[in-house]
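Please read through the structure below; I'll follow up with questions.
Letters are used for the chains, namely A, B, C, D, E and F, taken in the order the chains are written, and counting of residues starts over at 1 for each.
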Amino acid sequence: MKISARNQLKGRIVEVRKGTTTAHVRVEIGSGQIVTAAITNEAVDDLGLKEGNMATVVIKASDVMVAVD
Amino acid sequence: MKISARNQLKGRIVEVRKGTTTAHVRVEIGSGQIVTAAITNEAVDDLGLKEGNMATVVIKASDVMVAVD
Amino acid sequence: MKISARNQLKGRIVEVRKGTTTAHVRVEIGSGQIVTAAITNEAVDDLGLKEGNMATVVIKASDVMVAVD
Amino acid sequence: MKISARNQLKGRIVEVRKGTTTAHVRVEIGSGQIVTAAITNEAVDDLGLKEGNMATVVIKASDVMVAVD
Amino acid sequence: MKISARNQLKGRIVEVRKGTTTAHVRVEIGSGQIVTAAITNEAVDDLGLKEGNMATVVIKASDVMVAVD
Amino acid sequence: MKISARNQLKGRIVEVRKGTTTAHVRVEIGSGQIVTAAITNEAVDDLGLKEGNMATVVIKASDVMVAVD
């Protein structure tokens, strides 16, 4: 599958924390930078997301903001 | 200002392309990884975003998905 | 690639309209229901999206609202 | 009320699962296709969402992605 | 129609600016505060949005961030 | 920090309710209007968000819809 989302950053899962319905998954995408995703518990189970596994974080361009100091 | 968005990745702007109302800004966040943001032209002007400048991409955790091969 | 987004609806592209930076792609997902996606022109080119082709609309559960009469 | 969101798909609620703050509501929109919404528990109570009731899923076009095989 | 989105702020449209596909609509919600919406041109036409008209801005709670100084 | 998000409304926090992973923060932005944000518990702790404190709600223009009666 190839998706329209412009941002697809490969990395390694460093934490999976499930809540009652919403899980937080943290992925290290290189250079020590961590990206946090809030997804459903169901998706965590469905994709078998586990600490240590490779994964890609996917973000639609219209969901990205830019900040300056 | 400190914002709740969990993902704040520093980098350098490599391209600013304005449309009629929506602009695309591309930021290199290290390791050669590029993040594309679709923001308003007005924000580009307001923040003075220009190729070569430092900038931080900001993404809310609930807008991040995870994919596996 | 398998993605965490809970909503993946298969259909056929019925219209691709490019703007200056943002394109609108309309996909018929069966029963005559049309879903409109606003994505980058770049994604349209990258995926080769064309009227008549099969495609899947993908939507994160946290972006879905519910309404009642 | 008439809303700008381009995607409004009518269906029937097949599941309401509340978490501590976030609920998952699943709506069958015809042809056996299910759409999952992650909304607040408060919205579930406010709208009286219940399995078996009719409901419309509402999605902004800028939150829809497109994928191809 | 009653929608799950927690934030529904009534106001008056102060500007409608159409792009090629994406329009920016600015609504004054009281106390001189302006909210900007980026929606499709098609939605502007469909709802007949015009400067001076009353309108409600609608925002899903999961799309709201919080910042402190 | 200056951010591209077009909507930044100042107000006072009137409620912070944590879930297992997702918190709901309610901010009164004047004229008695309340905005609800669904953010991570981690962000609540990181920013020290507390009832009674001043805060700014931040919303990207592409996440705002418009409705009419």
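Here is the rule we use: a residue touches a chain if its C-beta (ideal position, glycine included) is under 8 Å from a C-beta of that chain, and two chains touch if they have at least 3 such contacts.
Composition by chain, UniProt nomenclature: A, B, C, D, E, F = Molybdenum-pterin binding domain-containing protein.
What you see is a predicted model; the values in this text were computed from it and never measured.
Student: If you check the contacts of chain C and chain D, which chains show up for both?
Tutor: Joint contacts, listed by label: A, E.
Student: Determine which of the two chain pairs, B-C or E-F, is joined by the larger number of C-beta pairs in contact.
Tutor: E-F
Student: Taking only the C-alpha atoms, how many degrees of rotation bring chain A onto chain D, rounded to the nearest 5?
Tutor: Value: 120 degrees, nearest 5.
Student: Of the pairs given as D-E, A-D or C-D, which one copies B-E, with over half of its contacts the same by residue number?
Tutor: A-D
Student: Measuring centre to centre, with centres taken as mean CA positions, what chain is farthest from chain A?
Tutor: The most distant chain relative to chain A turns out to be E.
Student: Can you work out the whole-Å distance between the CA centroids of chain B and chain D?
Tutor: Computed value for the inter-centroid distance: 29 Å.
Student: Can you compute the centre-to-centre distance for chain A and chain F, using the mean CA position of each chain? Integer Å is fine.
Tutor: 23
Student: Indicate the whole-number Å distance between the mean C-alpha point of chain B and the mean C-alpha point of chain F.
Tutor: Chain centres of chain B and chain F, defined by C-alpha means, are spaced 21 Å apart.
Student: In chain F, which residues are in touch with two or more of the other chains?
Tutor: As it turns out, chain F has residues touching two or more other chains at 1-6, 19-20, 22, 24, 36-40, 42-43, 47, 49, 56, 58, 60-63, 65-69.
Student: Based on the touch definition given at the start, go ahead and assign the chain network to line, ring, star, complete or other.
Tutor: other
Student: Quick one: which chain pairs are touching?
Tutor: The list of touching pairs comes to A-B, A-C, A-D, A-F, B-C, B-E, B-F, C-D, C-E, D-E, D-F, E-F.
Student: For a test of understanding, state which residues of chain C touch chain E in their complex under the given definition.
Tutor: 17-20, 22-24, 36, 38, 62-63, 65-69
Student: In the complex of these two chains, what residues of chain D are touching chain C?
Tutor: Chain D residues touching chain C: 3, 5-9, 13, 24-25, 27, 29-31, 33, 35-39, 43, 47-49, 53-69.
Student: Under the definition above, what is the set of chain A residues touching chain C in their complex?
Tutor: 1-6, 37-40, 42-44, 46-47, 49, 56, 58, 60-62
Student: Looking at the complex, which residues from chain A come into contact with chain D?
Tutor: Those in contact with chain D are residues 1-5, 19-22, 40, 42, 60, 62.
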